[in-house]
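In what follows, a structure is listed as structure tokens, so that the remarks can point back to it.
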Amino acid sequence: MSLNNIKRRKFLKIMGWSGAGATLAGCDMPTTMTVQEGKEEVVSYLSPEEYVIPGVGVWYASTCQQCAAGCGVHGRVREGRVLKLEGNPSAAVNAGKLCQMGQSALQTHYNPDRITAPQIRSNGALSSASWDEAYDLLKKKIGADSGLKGNRAAWVTGNVSGHQSVLIDAHMEALGSSKHYTHEVINDSVWQAVSKDMLGVANPRVRIDKAQAILSLGADFLGTWGSPVQNAVEYGSFRDSPRGALIQAEPTMSLTGSNADLWLPVKPGTEGVLALGIANVLMSNHGVKNIPSQFKSLVKQYTLEETSRITGLTGEHILFTAKTLKERSPSLVLAGASAQGHENGYEIVAAAMMLNIVLGNLGKTVEGGTQLPFSQMMASEGNTRDLLALADDLGASKYDVLFFYGTNPVYSAPEALKIKDGLKNVGFKVAFSMFNDETTAEADLVLPLASSLEDWGTHVAAKQGARSEVSIQQPLMEKIYPETMGFGDIMLSLLKMQKVDAYAGFNDYYSYLRNAVNNMPGFMAKNGGEAWKEAMQAGSLEVKGRSLNVSSKAISIKMSVPADDAQYPLTLIPSARLGLWDGRHANLPWLQEAPDQMTKVVWDSWVEIHPRTAAKMGVKEGDLINVASEQGTIKAKAYIYKGVNQDSIAIPIGQGHKGYGRYADGVGVNPLQILNPAVDKKTGELAMFATRVKISKAGSAKDKLVRMGGSETQVGRKLAATISADVFERTEGDA
Amino acid sequence: MKKYHILGLFSNFDEAFATISDIRHYKIPGISVDDVELISPIEHPEIEEVLGVRGSHVPKFTLAGALFGGIGGFMFVSTAQSNFAVQPQGGKAVVPIPSNLVLSYEMMILAAVLFTLTAFIVSARLLRKRKPLYSENVSLDQVGIELEVEEKFIEPIKELFKKHQVVEIRDEVMK
Amino acid sequence: MKDISEDIKWAKINKDVLRSMESPRMGYWVSVAVCLFMLAFAVGAEIYQYNVGMGPANLNVPHMWDLYIATFIFWIGMSHSGTLLSAILHIIGADWRKPIYRFAEAMTTFTLMTAGLFPIIHIGRLWNMYWVLPYFSDRGIWPNFRSPLVWDAFAISTYLTSSALFLFVGMIPDLAICRDNARGWRKKLYTMLSLGWRGDDRQWRHFRKTYMIMACFLIPLAVSVHSIVSSDFAVSIMPGWHVTTFPPYFVAGALYSGCAAIITLFILLRYYFRFEEYMTLSIMEKVCKLTFAIAMVWTYLNIIEFSSVWYGHDAVAKELLLSKFYGPYAPYFWAMIFFGSVLPFTLCFRSLRRNLKAMMVISIGLNIGMWLERWMIVTPTLSLSYHPFSFDVMWPSWVQWFIVFGSFGWFGLLFLVFVKVFPSVSMYEVKEMILHRRHLANKGIAEVMHRRSSDKQPDSGTPGLEGA
Amino acid sequence: MSLSNLLGDWSKYRKTHEEGGFHDYEHMWGMVIDLNKCIGCNACSVACYAENNLPVVGKEKFEKGQAMHWLRIERYWDEPDLGESRVSEYQHHGASYVPMMCQQCNAATCEPVCPVAATYHTPDGLNAQVYNRCIGSRYCSNNCPYRLRYFNFYSYYEDAWPAPLHMQLNPDLSVRDKGVMEKCTFCVQRIRTVKDKAKMDDRPVMDGEIQTACMQTCPTTAIKFGDMLNLHSPEKAQPTDVSQLWRKHQVELGKHTQNKQNKDLRGYRIHEGLNTDPCVMFLERVREV
């Protein structure tokens, strides 16, 4: 960035000033609204800064930070304010498309509830302070002469990659700390573990676009599995002629399930049996020979009848699935949250992966992906196993200092893990955050981060697209709150506390990044020039990587199904949504008001109940329901539909925040609270879908379950007409 | 030469009727029935038998008003439409007959009513200074006859009135 | 049974009617207070709505219209009674109208003045209401003459002007009487309003013509006005609105509610001003019979509408009809059927027709039915039309109810002012009526005259109200 | 106000929409929405909020039906075309999603009923809404069979964008105050920008040059937007262009019933039988049977 900061800041303020005026000309609002520290006088447009044309939007490339997928975005900047985000067409991950969360990054950035200054806990309560005070405190606590033992400090983050990850590692190294907990509620870590064991690569590249038939065991790949936008883009061509068939087996309907040709309400925890049963049918009806020997006995064991009995699915549905998978090659079998979230999650996913091997999808729809040359920049992907570890370590009061960044364990951990109590054992807790949330409420020092649209960074998406890239995140506008600071800048100053000389060269994160990018190995400079400049324009820089191959290594597994429980008859499905995600977006009004895809509910939590279950209890839509597990009880309103298995109920996650801003507080409930701390034996992941609950009526709610739409049916009008796939092939087959 | 106004109040319509018919039949030479006005609390169409049929121009005005309102209204609306490019909508004609007919119909009635009223006020000589000779009894139940005569006719007329049991006679000189 | 006795002395007529305009009694002030109280609700609600927007009224997508429009039609409809009784009966020479047409016409004018407020209340930016009028704008912008709402603006303003003038012209001779008997500010007022009427044959002659012509124009006007109001709905494409029979249906409903309202006011005036001799029971009976006839027409048109929908087999319209029968609005729908089509049969019973208390209740019941009818026309269609995703049931909020409630106070207020400032019974026409009846009742005209000439009492001619 | 205008030749305006519209159109913006690809993910809807300064109304007003989502994704559970036999214990074939934005009807029922001509048809074939002219009689919304017109029941801006959220407001279009009707404009501000640019470069607007916010963000490219007349670059027409897709699916403007040679083609328009002649064509949803 070739202009000095002072000038940039000045003109941006001016722009912000009058830009706001222009914006509000349409209504009666006073145009005297100013950006922060609104003392600067208005300067006319007679001589605007060079390269700024008043009234004309300029597009800058950056990288979306709303989830870990790392989509490339273009931000429209006009008069110093970023007004709109669109997908970056040249980005390999999202090919110019964006999801609603990406669109809402604007509201994360402009959110009225952002932290505007450092907060220090003094006699119990957090109170704003200056950066000097903050740094002094840090020096005192973690500085070279603080006497802090390195192994008594640890980092707790969400999914981080690129140079942020590098800096965190550097910092840990400087401290002598070794522990970095990476926590994400929405993850596919079991899938990765299985892939590593059975295919040899942790992140195989699944080719939805190439598949002709997809069996997805609870993998909501259009919503919350892998890289949603990338999947959706591929799904677009997947549905083109020749049209692939999508079969989704999951206990409660996900966004992907609602778009499936066949949606199978499999009993929770029996997805593995289903996979084996399908293999059985393939073997017996379709003469498939190449069942790995380790699986043979299991597959034989689960005959059609047996499978249908256990999974609660009809025989013909299983037969249809097997037939489709066999006849439509290449096929693809995925396993996601509701499959992996059980005590035998690893086996279930393994069984699914076995199907990929059996159907010969390896190399066709399951590719090896690419190995990028620099491991230290690779995404350290979040999981729940670290959360459990953190809980134990906190219990054992292992730490004096914890750093939190991009994660909110106090909210997203089951209360049974007692994270909140555990944190009391930690002497000094530093939270890097844009917002006050449940975790910062526990912190002793809160460092206000610049928003993702104000900050620098590089990101390496775990789920790379066709080309492997390092995505560049650059500021799209001047910081709204000058007291906030970029993560990298803070890290540099933290590092300088430890080892001044090593980082003396970099006076800010920008110069650090520019230097790093220019010296990055494997970067293909397209048309000469400075690598950095090209990266800025493209929003990413393409990297030559080593392409990996998948090789089937079958493993031996046992299969079991969850036992029935008379006291807790139902299984609780904490279903995730593209939107509020794991709850981090609950403070974005757009996403709160965007109706849930399936139920069309806004601003609320609800319990999805099958009509029969509801009829048994005499529950109507909107009635308040007690959902009780061994860990506790929550109340939510009922939504009754046929998209949930009769043996389970579903509550979407993301709501039920406390202290997370005006838009999130007091809305809905958080089902994660009442989860049992059950664990997948193999991977040690939290078995999120293994919690048994009982439900009872809690009378009628004081407020209604607000839903968009007056009719669930089309009442005979031709609104969403449907034709069969073969007709489609006949008419548009040539396409 | 002086002119006199004379008003005779009769307690019933018949006497007045008889009086006027006498005047009409030249019982007093020189006085014509055209100078006679009958003032009554209610309407007496039958008086025309003796006063002679005196027509009314009001309907002509009404017709004029109706035509003005109807045609003018249509022209006005149509011109407005053809001068307002936003008007062509829904693929209909620029000057849509049905809706314009509705509008011109209303305007026709409005103009007709207003013209009628004006005509009434003018031809009924309302909104003018009232002649001084007037008795409140007329608005109650008595019937009055008013004439404008020269001095020499006063006595004979009074005679005639008395002959028809006049209740009261008022006269005054017109300067 | 006579409509009116021929023995009433003319002096007495003047005396009675003028007495009704004397300085008011306690009961009058009480009713004024009540009306003002009701009006206060509406004013408060409207101020709130003006400041906040249409939201608090519980309007939404799809319920963009609701009680405001329904009540607007209700008031417009009520206005038709005056025209009917006055103009039509005048033309066909039914002289029993004479004692009661004056307040009927007043009702016409005032209901229109009430109805006219509702479009203004219900639009989102009422400070721009005048944009619907075709005034010369320097931008060359005109209203959209295709829109039924613009037709409304034309029709209602025409109707209000014409009916007000009709009322006024018919009152001129009576105003002259008032002038002759009044003092103080009233004297000035009536002198001005009576336009110098003295009752000479020229004036009577033109008066007769003018009044007849205006009557002739008012009838088609009244019919057109409510047809146009109906086209607000008939012109749209919405099921339950896009109905061919709406114009006659609306007109019938209008006359219906008008007659019912006349009965109500008839009873009130008769009671307050002791007009027993003029507003006789037999006239009342005639009005009742008329009402019954119109009620039957209205019922018939209802049946026509339903069956044409039913046999028309338009799926959406049919759904709508059924939802009226069984849906969320069913209670109100059946209430409308009861009040509108069943209740009027009570008018068949002579004893009831002659029972003022009963008629009071019944006439109010009929008008409730008519109001419900308008609501059932407007709202169910919006709740359930073509697009299932927008099906919705929305109940009006207190804002709407207050304004509707207050509109009755506003109307009452106007009417109360009227009866004290203007003669609510037409004196000169009652005189005519009596004279006419005498002609019928007695053989020789001469005797009639002689009896009349003997009427003269010493005080008969004395001017001034105090003499009475 | 001249009489010569009255006598002038208005024949080009007297064309009904059956004759291809009552304007000599420069463009005819239209859409194709492929329900086979639409996954109902809401991205388009939120993009619309971001682009068009749509206020967030909050739970209470949403419950009252006073939300302002110009582009709403409708979700139906039943599948009439697959027969009642498909109705079973479970929702085996998922949901039916329909993104509904203003259909920009050529014979728009909202237009003739507006008392002040605040909504009218532009030479682009757009159904324009003039906020400043609107007096809020709300007749247009009553007469819209799609119920796609939204009314400012409150001065939403007062609390919809607490600072600094209002810095995100798009200066290219106004923030509406209480009492006016509004609806999807096919992102007319974007159309305007491109047209101005084309004018500056002295060249016609090329098809595909303009992207509406919903189309641009749609991850599965289920939404397509373009010029149905495509007068300016017909030779460059791609099979995926809106004009070509309409032709391919044998759906024609100006008809209330399409007589297709191939009945199985998926193109259809919602409430077409009402003869509103919408400019948005839907492609039927597809399911394995």
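When the chains are written out, they are named A, B, C and D in that same order, and each has its own residue count from 1.
Criterion: a contact is a pair of C-beta atoms (placed from the backbone, for glycine too) under 8 Å apart; a residue touches a chain by one contact, two chains touch by 3 or more.
Worth saying up front: this structure is predicted, and the values here are computed from it rather than measured.
Asker: Consider the two chain pairs B-D and A-D; indicate the one with the greater count of contacting C-beta pairs.
Answerer: Comparing A-D with B-D, the pair joined by more C-beta contacts is A-D.
Asker: For chain A and chain D, let me know how many angstrom lie between their CA-based centres, rounded off.
Answerer: The separation of the two C-alpha centroids amounts to 32 Å.
Asker: What is the distance, in whole Å, between the centres of chain B and chain D, each centre taken as the mean of its C-alpha atoms?
Answerer: That gives a centre separation of 64 Å.
Asker: Provide the C-alpha centroid distance between chain B and chain C, rounded to the nearest whole angstrom.
Answerer: 30
Asker: Rounded to the nearest whole Å, what is the centre-to-centre distance of chain A and chain B, using the mean of the C-alpha atoms as each centre?
Answerer: Centre separation, chain A to chain B: 91 Å.
Asker: Which chain C residues sit where two or more other chains touch them?
Answerer: Answer for chain C, listing residues that touch two or more other chains: 140-142, 144, 146, 150, 386-390, 392.
Asker: Where in chain D do residues touch at least two different other chains?
Answerer: 1, 72, 74, 76, 98, 109, 112, 117, 155, 271
Asker: Can you list the residues of chain B that touch 2 or more other chains?
Answerer: Residues 80, 83-84, 86-87, 89-90, 92.
Asker: Where do chains touch, given as pairs?
Answerer: In this structure, the chains touch in these pairs: A-C, A-D, B-C, B-D, C-D.
Asker: Quick one: in the complex, what on chain B touches chain D?
Answerer: 75, 78-80, 82-84, 86-95
Asker: Could you list, by residue number, the parts of chain C that touch chain D in their complex?
Answerer: My answer: residues 52-55, 58-65, 119, 122-126, 128-129, 131-132, 136, 140-144, 146-150, 153, 232, 235-238, 382, 385-390, 392, 394.
Asker: Where on chain A is chain D touching in the complex?
Answerer: Per the touch definition, chain A meets chain D at residues 16, 19-20, 22-29, 33, 35, 55, 78-79, 81-87, 94, 96-100, 102-104, 106-107, 109-112, 222-223, 228-229, 232-233, 235-236, 239, 243, 245, 253, 255-265, 324, 480, 578-579, 589-595, 597-598, 600, 602-604, 612, 641-643, 662, 667, 703-704, 706, 708-709, 711-714, 716-728, 730-732, 735.
Asker: For the complex, which residues does chain D have touching chain A?
Answerer: Interface residues on chain D, with respect to chain A: 35-37, 39-43, 45-47, 49-51, 53, 56-59, 62-63, 67, 69, 72-82, 89-98, 155, 157, 162-171, 173-177, 213, 216-222, 239, 262, 264-266, 268, 270-271, 282, 284-289.
Asker: Show which residues of chain C lie in contact with chain A when the two form their complex.
Answerer: 315, 319, 386-392
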